[in-house]
Structure formats: structure tokens, C-alpha cells
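I've put the structures underneath this note.
Each of the next two complexes has chain A plus one other chain: chain B in the first, chain C in the second.
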Partner chain A sequence: MPQKSFWRITLLSVTTVLVTGFGAPPAHADIPERKYSAVLSHLLNTVMPPKLDEFHDAASELTKSIKDFCADPDADDLKDVQNEFNSAMDIWQEIQPWRMGPLVANGRDQHIEYWPDKHGTAARQFRKLLFSKPASYTDPAQLAEASAALQGFPALEEVLFDDKNADHLSKGDEDGVFLCQYGSAIATNLQTITGELLDEWPEFAEAMSTAGPDSIDYPTAKFAATDLYRALHEGLLIISAQKLGRPLGENEQDAKASRGESEVAKRSLRNIVHNLTGLFAIYDGKWGGVGTEGAGMASLIDNSLLDRSFRLNWQTVIDAANNLPPSIDELLAQPDGYAKLSEFKSQIDFLITLVENDIGGTTQLGGGFNALDGD
Partner chain B sequence: MKIAKILGTAALVSTLGVQAYAAPGAKDVLTTYADIAHAGYEDSLITAKKLQSAIDALIAQPSAETFGAAKSAWLAARVPYQQTEVYRFGNAIVDDWEGKVNAWPLDEGLIDYVETGLYGEESEENPAYTANVIANPSLNISGTTIDASIIDAALLEDLHEIDDVESNVATGYHAIEFLLWGQDLNGTDAGAGAREWTDYAGGDACTNDNCDRRGAYLKAAGELLVSDLEWITEQWADGGEARETVLEGDGVPGLTAIVTGMGSLSYGELGGERTKLGLLLHDPEEEHDCFSDNTHNSHFYDALGIQNVYLGRYTRVDGSVVEGPALSDLVAAKDAALDTELRGKLATSVLAGKAMVTRAQGGEHFDQLIAMGNDDGNAVVQTFVDALVDQTKSIEQIIAAVGIDGIEFEGSDSLDNPSAVN
Partner chain C sequence: MRHQRREFLKLMGVGGAFTLLPLDIARAASTPAIEDRAVYISASAGNADDYYVSAFNASGKILFEQALPGRGHDIGLRPNHVDVAAVERRPGLYGLILDRHTGEVRAKLHCPEDRRFYGHAIYSNDGRFLYITENDFDHARGVVSVWDAKDGYRRVAEFDSYGTGPHELHLMPGGEQLVIANGGLHTHPDFDGRTPLNIDSMEPNLSIIDRRTGELIHQTALKHDWHQLSIRHLDVSANGTIAAGFQYQGEINDQVPLVGVWQPGKEIRPIEAPDNVQYRMRQYCGSVRFDASGQVFGISCPRGGLVTFWDAKTNDFLTHIAAPDGCGLAATDRPGEFVGTSGLGNGWRMDAIRRKRVELPDASHKSLHWDNHLRRIST
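And then the complex of A and B:
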């Protein structure tokens, strides 16, 4: 029961902040507000918008691809659609950990990808949908009002990658026609959602960058910047507890790849590689060709040894991730696969410790609650 | 502006009838916290004993009246228990124990008959998904044969979370709820579970078979609920482990427990898992008290419990009040504006919970409120979620506002223990 340990994680974080709070003598002088503002402005105004553009473009390409396929289905063209799915999923997995503002407003991140399906709800709803094939679910506008589990990437993954569904799609039979129309509606809905995200982001970025006494939501830049720390911390917690911990189970006998994320498309570990890219951008300030190295949370750290040490540890984890196959299913099929997966989780856990103790403390942003506190 | 805020605080304090204490020590605050915990669990025990009596009466003399009385007793028992849920996160002793009494969600097919058209026949994750203990004196779960010929507390404890599957909930409030209401087959339409009293009747009047075994299950679950609540009540009494733990040391662990409990219940659990998820999925299976349609009350009393510990005041089931120096007083002494803000936000979430209760009293329950297309109902639930998320932001600020002296900084592995880095 991995969930039982979450409160302890929270307790540790909170304790750390209590420890570094009013009573204890400060190790460092307070970080000036302008430094938090600069980080917020760089990450939210400069770094993120091009990535949201890229995400919206990928969703648009995916929509076009599936519509083209549905006009004249065949197995080879389905591979093209699957490739477009993977391209869109790659950029989404980089953006996913930036859980703040318009990305989480009204459950938008869950509408893009409802996962994990802890109670089996998505699987049950999907079964019922394919049984009854309601026409309303082929209309993007009506689909947008439906269950989050039926309108994002995991539902589209079931449509495109599940062997039985893929067979129906390629044949273009009665089930295939419904799946095509439903899949097109999901992709179109994703295109709409990513467009909304793109539109809403600048206002949020501006509000965060100009945080101060005049703002109701963000009375200080430091308070606003806690969202950055929370995203970095929670992103790693989710990788450890959900993306790795769930498939690992209690022991090797209990391990099950199907509990991993995107395992129908066999890309659970590929997702984590992209998650780590997006997470490191929060720390570093550079994301691919966008941004400036050292202009992220790292710029709040007045300790070059700590910064170098953190970067070194992060790179160790990246190297380990790049040496793993794209899916947990493939890794667990190897004789030492379980041990490798466990070791990888331990490395992520060590990063979490560093974030809590070093980054949280030094940036004076640590602590707080996260979505993993529940069952 | 500052004057207005202070006046606002005074007005709120007056409205709520809470006595404000000037800058109490941490130990005073923690004593109140432990006192409220003890009173809450003792009230849960008292009401669980009434439920147990009602179950005994139902089994002795099955009828619509005794069945209705048992259901009423269950609903009454939820009132104090839900107010204790704020103690779960932050107190290891509670968190490790609570799964026996309030585990959720459950695969009810483990316990009794289900409508498989809705529920399904099997689950990839749960080999005991439709084990149906009541119908089967012998069970085979994952290759292990279990003798279920006698249904008693020991059997239920063995079955609870069997096969390490959390949704195999064999004990606690929700198992009893299922045995009293049955599955709610109405989807997001009106109506709760509609189990008939004749599921406990003798002879030919018995419906759905195995009425004696069903009665034995219900009786054993009631007994376990009482014994589990007796145990946790003892832990919060003078000398009890839970009380001693929060009171030990310099107050940091205890205050941390309070803040962790308030924040974790507000955000991840109540705001997230129990409420937002149902709204996102528009799925009646995602409601906490899904058999009885009592979710509105469970959520309201959860929110009230969070307010109770912050204000240091709890109204017991007999109407008496337990109160004392509170975290609110401690925060007010450090940051009066933050205290005012948080009091206001806690009051807002309680009111938002009350709005769901009012809708339910008007015939529109939580599963209807979260239905797809019910924009007005969705908005009522979203308001509750928003209030919980909003109060969490202020709860986080308590951490910085409450100073504790004499604590050393935690070390940094990457600097203090370089060998651990690689």
C-alpha cells in the first residue's frame, strides 16, 4: 500500500519548513523578491509558451492524421497515426509536471490525461462505451462534457494501440467506424484544450511574474514561486509513487507492467524520460533550444557546490533512464528487469530527498501539500 | 484595512461562540487537540454501540422498522466519526488503523451478491472481486482455500484486504453500509441502494438467500467496528500512545501533525480523491458513501472537523462542548491577518459543504450533483473543491507563521554525505 507512506513524506516536508521557519536562526538571508520574480518571468514568459505552441501543433497534427486515416483506413496508415500520437505524448509528458495555473484549472490536466486509474473507473467506462457506442461521444463538443477518463490521451491510446481495437480500425468494420469517429473526437478535443491552454497561459504568467501586494492570488513573488517548487517536488513524487511504484508492486511476484502509464502503447518509461526533461527545465531554466541555463530555480541557489552536486545527480538519473527500454513491460521481461526498475526508483527517490532537503531549503520554497496526500 | 480585519475576526469569533485565548503555548494547543480527538472517537464509539444494538435488534426481529432503525443508527454514527478524519493524516497511529474502519472504495462483491451487469464479473486486479462470502462457506482466493463456514469477526479480519488488494474491504463503516443499503443501481439518477429488510428475514420470507449468514456478517462487522473504536479511543485517553506522541518533545511534532492533518485532508483527500475525482469522471462509483447516498453529510462533517481542530472547539453528540486553546490563537499571536483569513476560508468550506447537504435534503444527492450535464449541480460541488483548495493555501502559511525554537537544521546529503550522492 504505497499510499500509506505519503503522509510521512508530507510530514517530512512540513517539518523541514517548520525547522527552517521563524524559530530557527536563518542559515541564509532572505532571498530578495526580485530574484523570485526574475525566475517566474523567465520560466513562465520565456520558456513555457514555445512549448505550449509545440504541444498545440502536435495535437493539431494528430487530429489531421487520424481524420486522414479514417477517410481511408489501412494498417500502414494506422502506424502513422500512432507515430503522431507518440509525438504529441512526448511533448505532453514534458509539460505535464508543470502543474499550475491554466494547466490544472478545471481539471484540465486530467482531461488531457486521466491517469492513474486507481479505481478501475476508466476501464469500466470504456467497456460500457464500446458496448453502447453512443453517437454523442463522436461529437467533440459533447465529448468535452463527458468523463475525463473518456476524453484524453489514455482513451485515444486504447483506441489506437489495443490490438483488438487497432484491428477493427484497420478493417474499417462497424466497430472500427465508431472507434475512428470517437478517436477523431478525442484528438479534436485535445486540439481544443491545448488551444485554450495556449490562450490562457500569458495572463497567468503575467500575474505570477508581477506577484506583489496588489495581487489577491499572489501577494508575494516568493509565494508565487512555491508553485514552481511544488511542481518540481510533486512531479518527482508522482514518478516514484505512481509511474514506478504502482507497476513495481509489493515485490517481484506482485509486479505488473499494466499498472504503468501508457503501457498499452508500451511507452511508460519513455514518458518518464520526457517528464524528467520538463522537470529539469524548472530547475535549470533551459528547455531544449528555449531559455537560458541557470535562469530557473537554480538562480536562487547561492551555493555552487550544491548546484553542481544536484546537476550531477540529475544527470546520473537521466543516464540511467536513457539506458532503459521504452516500456516497463519490456524491462520486466529481462531477467534482472525488476532489480533495474527498483534501482531506478531508488535513484528518483534520492532526487526527491535532494529536492526536499537542498532545493526546498536553499530556495526557501519547500513544504506544502500535494495531490498525493489522499488515497 | 487592518482594523476591519480585526473587527472581522471579532465578529466571526462572536458568531461561532468561540472563546479566544491569548498566545497559548504549544502544549496547551496540543492538549486541546488531543482532548477533541478523544471526545470525537469516544462519540464515534458511543454511536457505534447504538448501531450495534440496532443490528442486534434487526437480527433478532427482522422487520422494516428494525431495518430502518439500523440504517438511522449508521447515519448517526457517521456524524462524529467523519469529524475525526482530520486526525488521520499526520498521526501515524491513526493512519495505520483507519483502514479497518473507513476503507474506501470497496469491491462489494467480496461480501454479498451484486448486480453483475453493472458491477462486472471479474477484475484483473482483484481475484476476490465476486467472492461473495455470504453465499459461499468455502472460498478459493488465488489458490488458497478459506473456510468461511462460520462468519465471525476473525473471518472478517482475515478477509480484510485479502491478497493485498486494498479494495477488499471486509470490515468497517462501508461494509456495514453495503449490508444495510445494497448497491445503488440508479447511476446518476435519484435513489440510493434499495436492499429490502427481507434480506435478513427468516424462513421463506428470506430474499436473496443466506439471510442467516448475512445477519452473521452484519453482526460481526458491528462488533469489530465497536472494538476498533474502543482501541483508538484508548489511544487518545490520558497516557494513551496517540496523546503521548503529540504531546512529547517541544511541540513541533504535535503542531506538525495538526497542520499536516488539516492540509492533507483538505487538499489531496477530501478536495481531490473524494470530490474532484467524482466531478471529473461524472461517476457515481466515485462517491464516498455510495450505497446510502450520504456523501453530502460525510463531506460536510469532514470539513467541520478541519475547522474544529483549528478553532479548538468540538460539539459532542450529547451537545456538550470540548474547547480550549487552539492553533488559531497561536497563529493569531504571530499573524493576526492570516488567522482571520484562515477562519474565513474554513467557514467558507463548511458552508460549501452545507450547500451540498441542503441540495440532498431537497432530493438531489451527491451522485446526482456530479452527473454529466448537471451544470448547476457540478458548480455546487466545484465550489466545495475550490474552497478546500483555497484554504489549503492558507494552511500552508501557518507553517511559516508558527515559530518553534531550538531546532537544528536538517543536513544535506549532497553536501554532508558525498558518498550518498552517487
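And then the complex of A and C:
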């Protein structure tokens, strides 16, 4: 059976169970505030901090690795730096969809990764930078005040993975020396930013998990928890519309892998796998070895069938993602690559439908009268 | 710039909003309280597709509910008269003239077949004419219709709005000009009347026309990169400053301004909140209102569940107050103070200067979902 048909039948069967099993949506009693508070506390106080630690450690390892490399450039050692880049990027991609609090304060998420970059700003500025090689860009403190497009992962990706730049780095020529110093500054700056994140997170987590009438920012726990629902919902929307939709273009002829994320490092689809890990943690409450299964948004769902079907559908998408190569470029090079990529996007779109219709409704976090249908 | 924002936020956390406010605003805030005897009026909804125009007093006590044939939107207030105009939200077919004290229907307006009402209406200062934004959908053209209140609300004229998808409109100071937010979105009843059909090519603008002749006096638009910022809502201060709220039709993580300030004759000036507030505005502003002093304006962001407040003199962001599903905003007679309403049924008194939010004490207003806009009728 072709993969597409099989997949559709699997999903439809689950949907059929849902429809026949539930009939008309029952009137739900309000979910008690304490349940929202428990989810907030678990996800923000227990689950996220170790992941931010992990991110900070990964940025520190990356910094050390690039500095070691620059002391004695060598093509094999460059592979080690690239591996450290990938490790740091993996954990960042898991954290990236949790767009809230200190992650978005002061444009931090964009400083970590300037993306999406619709106008190719990073590439344009990078070319200019290599031409003029200003010393200020080799100083992490000064770099932190520079354009966001030149200070995070995409810029470091250009330094480490672009073939020409990698060649300069390995040779240790004039361009290579500048790239090394600039790359070290980017990594050091990332280390600083991830340290700030670690420092600022607890205050935010505390404010969210102690939401109540006395809080001017979070008057109810339910209101605070809408940020979690939105992160889950918007994270999937971004994967569909931007991480997959933009490279797919209007049709097969219009498809362009370079419109994907992290395509210089050939890891656009690997990013999505990690996004899905971070997003599912919001629902499930367990993230790798951290947290407790069922203590996330799932704990607000008093319906085991709906919970099981959502998990099954999510796993189907994870399985599909794991069967794809790490980059869209590689996938589109396959004869049926465009069809596979389109199919993967439709799987993500189906998850979005489930989140909007089932999760948003059952958790009562899907938005109010004005938010859902304003004018 | 980012550094300034960081410092501003630090100050907010340590000293609170009050310490940051310009002296003249802070001074105005110390004006003694005046008992609020006003009536607040808004479109609303029940739980079963039932729609109303409802009024409540300053305590939140419901005064009347008048059933509507469909979902309303904004309410136009006829100066020195009992009439208020409730126009169906887009694509609207009806308009009702109601008695502001009882909700009794005093007149009915019917939209021409080839037009649709767009939810907002405003009276001339003398109360003679009612102006309503409409969609000439076959020509993707916005119009402002003119209805003579002294002649049984006869439709007497129609002006070009000089844009597509006109939404909120207001009188300019002096009362001889109308400013119209042309949202830029083309819709057509054949496609449900609400789905945007031209997101790639939309061109929103703010236009000021002569209310008697329809002549275009001023117009402004955002730069082309921001053409997907639908300019939908606005308010005008006594000195003619126009504050506008945008609704972004592009990606959820694009970084775009959501608020603009316009002095007619100059370019519109887009302004932004600090990043973590800007992000929480969720690309969507629902309602705009100047306070009684004209020095502060509030912009509600129902998708983000907050109301943002801005200094009208400096165009700086002042503060924000959480308001779950909050959208309706009306200025009280106290500087910096607003009453806000929510689709979840809440009504609050909000003090932008002291950064305070207090629930209206009477619970009767909580039985309704309050729609996008709130008006205050002073007594």
C-alpha cells in the first residue's frame, strides 16, 4: 500500500473512532484552577529548567570546541566543531517552540536564531562582513549589540558549514583566522544568552505557576496556561507554514530547499524532529529523561480515548519524520521527494486540526469569544 | 533601542509603571475621583447564538438587553439625543437605531443589496447625519454611507472611503472631517463575506474625507513591506492625533508593529511595545481608545489577552494589563482610566497610570460575552 494511502486510512480510522465515540460535544464543566496551576508548575518549574541547563551546557561545549579548533585548525577537528554545533542546535530546536517569557524578551529568540529570514538578510550581511572583516565582530560583547542576523546559529552555520568557509577555516588562512575569531564570538555570545535565559526563567516560571487574582499579568492559572496551548498550536503552524510550506512553494517546480531552515548545515528536517519533541513535552509533561508522563496538558483531558488517539496520531507523525532524511535538499533529490514532503506537511496539518478541535476545546484553552472571532 | 527596552522593563519590574510616567500624566492622575454615573453600552452575545445590545452601569449592573437579529459590533452615539446606532458586523445587512435608556428599537436601516455594513457608525456632532462604513463588494471598494436622522434615517448619500475594506471611522476635531481606517481586505458575500481574498495585494490606509462632500483631504499608508498590516481600528484625540491598531495578516512570528500614530499631514508613525509585550499582542489589536485627558491611549489585544497603554505625547509604550479575551474599551472621565470588557464576561476598571485592574462589582454583566467595542454614555 502506498505510504500516503496507508497513512490517511490510519488517521481516518482514529478520527472515525473519535466521531462515533463522542457524538455531539458534551457540555464541559469548568476545569478547576488548581489543575492548570499543576500543569504550569510541572512544565515551567520541573521540565524546562533542566533543558535550559542542557542548552547552556551545549553552548559552552560549542564555544570550547571552536576555541580549541581555532588554536590549531584541522579538517578533522572541524567535524568535531560541526558535531557540537549540531548538538547545541538539537536542544535549541526542542526549546524553540516554547515561545514565551524570557525566550522572547529583548528579542532573545531572534538573537539565538534569526529566522525566518525572508529577505536573505543574514546571507547579505554575512557577505559584507567577510569583505570588510571588522574586528568588532570578533568581540562577543560588541557582537551582542550587532544585527541579530549576524549573531546566532544561522551566522555560525555559515561559518562552519559553507564549503568555502570550511575550507578557509581548515587552512587557517586570513579569511580562516577571521572566521575562527568571529565564530568563537558567536558561540561565546550564545553561551551568554543561554546563561541569561537560565537566570531569568525561574522568575517567569514562578509568576506563571502562581497565577491568580492578585497578579496583574496572570489573573488566572487558566489564562497563564493559554501560553502553553499557544506554544503547542503555533509551533505546529510554524512547522507547516514556514519550515515546510516555504520550501515546498506553489508546486514541484517552485520548490526550493534553500528556503528551509538550517539548510546550509543540511538539517532542516532534523530541526522539525526536535521541534516535535519539544512540542510533545508540552502535551505530555515528559521530555526525554525529565518530567512525568501525563503531567502536561494531557492531565487536563478527562477522556482517555481522546488522549490515546492524540498520542497515536502524534507518534504516526514522529515515525514519518524519522523516516525522512535530515534535510529537505536531500529529500527533494529523491524521485518522489516532493510528494513525500507534501505528505509530511499534510500530516502536520492534521495534527494542527486535532490541536485546534480536540485539545483546545477539551482543555478549554483554545481561545475566547473575541480572540477566536474578532473583527 | 533594545538596550533601552531592557532598562525600561527592569524599571517596570522594580519601580512599577507609575514611576516611569511623564510628570504631567502622573500629576493628572492625582485628580480627585468623580463618581462615575455613566452608562456603558456594547454589542454582546449569549451562549446560544443569541445577540444583543446591552448596557450596564459603572458597577457592572445590567440595565437592559435588546435582542439583535445577528451579531453586532460597535455602537454609534447620537450627541444630545436618545438614539444609538447598532450596525451589524461585517458583512452586515441591518442597522438598528435604539433608545439608549431602554434599548427600544426606534428605527431600522437596511443595507442596499450591493453593499454590506462593516460594523462601525458615527454621528455628526449636530446629530443630523449618521455615517456607516460599507463594502461595495462587486468593485472591491469601500464606501461611507450617509443617513439623515431627521428624515427617518433616509440614506441620502454615499462617499468613497478611498480604500478597500473600511472599518472604524471617527469624526476629526471640528466635526467637518471623517477619518476612516481602510483595512485593505477585500471580501465578497459569495465567499462568506469574511474570508480575505486579497492578502497578497492588500493596501490598507487611513483616509480623511470631508464629511459633506466626500472629498479626500489626507491619506497615509504604511511602507509596502507592511502592507499586510490591516489598519482596522482607531480613535482621535481632541488635538487631532489619531491612534490606530493593526491586525497582521502575515506569519505569526513576523516582527511587525501593531500600533500607529498619525498626525494628518505627516506620515503615520508605527510604534512598538517591548519585545515580550509585543509578542503577547499576538499580531492583533481589537479596539483603540484615548483616555479623558487625551494623553494616554489604550489598545486591546484580545488574542493575547492584554490591554496595552501608550503615551500619546511621546508615543512611548507605558504599560500593559492582562485582560483575558478583553477587547471592549471605553475611557472614563478620569485621566488614564478605562473600563474594559471581555468575551469571557468580565468587566474591569483599569488604571493605566497606577497599573491597576479591578473587577466591576456587580456580577450581572458576567452573564454575557461582551463583543469587540464598548462605548460610554456620560450622564
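Going forward, the second predicted complex is superposed on the first by the 340 of 375 C-alpha atoms of A that agree within 3 Å, B and C clash if a C-alpha of one lies under 4 Å from a C-alpha of the other, contacts with A are read in each partner's own complex, and residues count from 1 in each chain.
As a convention for this text, contacts are C-beta pairs under 8 Å (C-beta built on N, C-alpha and C of every residue); 3 or more make two chains touch, one makes a residue touch a chain.
Bear in mind the structure is a predicted one, so any value in this text is a computation, not a measurement.
Residue contacts after overlaying the shared chain place A:G107 against chain B and chain C alike.
When the two complexes are overlaid on their common chain A, residue A:S342 makes contact with neither chain B nor chain C. Once the two complexes are laid over each other on the shared chain, residue contacts for A:Q242 go to chain C alone; chain B is not touched.
In the superposition on chain A, A:L312 makes contact with chain B only, while chain C stays out of contact range. Shared-chain residue A:D254: touches chain B; no touch with chain C.
Of the two partner chains, neither chain B nor chain C is touched by A:T192. In the overlay built on the shared chain, the residue A:S170 is in contact with neither chain B nor chain C.
Note on chain A: of its two partners chain C and chain B, the one contacting more of its residues is B.
Looking at the shared chain after the overlay, A:A149 reaches chain B, while chain C stays out of its contact range. Residue contacts after overlaying the shared chain place A:T46 against neither chain B nor chain C. When both complexes are aligned on chain A by C-alpha atoms, chain A residues 107, 110, 145, 226, 367-371, 374-375 touch chain B in the first and chain C in the second. Those residues of chain B that touch chain A in the complex are listed here as 88-90, 92, 95-96, 104-105, 120, 123-125, 164, 166-167, 252-253, 255-257, 259-260, 263-264, 266-270, 272-274, 276, 279-283, 285-286, 334, 372-373, 392, 395-396, 399-415, 418, 420-422.
Interface residues of chain A facing chain C in the complex, by the touch rule stated above, are 99, 101-102, 104-108, 110, 116, 145, 215-220, 222-223, 226, 230, 234, 237-238, 241-242, 367-371, 374-375. Contacts from chain C toward chain A in the complex involve residues 2-3, 5-6, 9, 45, 73, 89-90, 119, 167, 232, 251-255, 274-276, 279, 282, 284, 286, 302-303, 305, 321-322, 324-327, 342-344, 355-357, 369-372. For chain A in complex with chain B, the residues that touch the partner chain are 1, 4, 6-8, 10-11, 14-24, 27, 107, 110-111, 114, 119-121, 124-125, 127, 145-149, 226, 250, 254, 258, 305-306, 309-310, 312-313, 316, 350, 353-354, 357-358, 361, 367-375.
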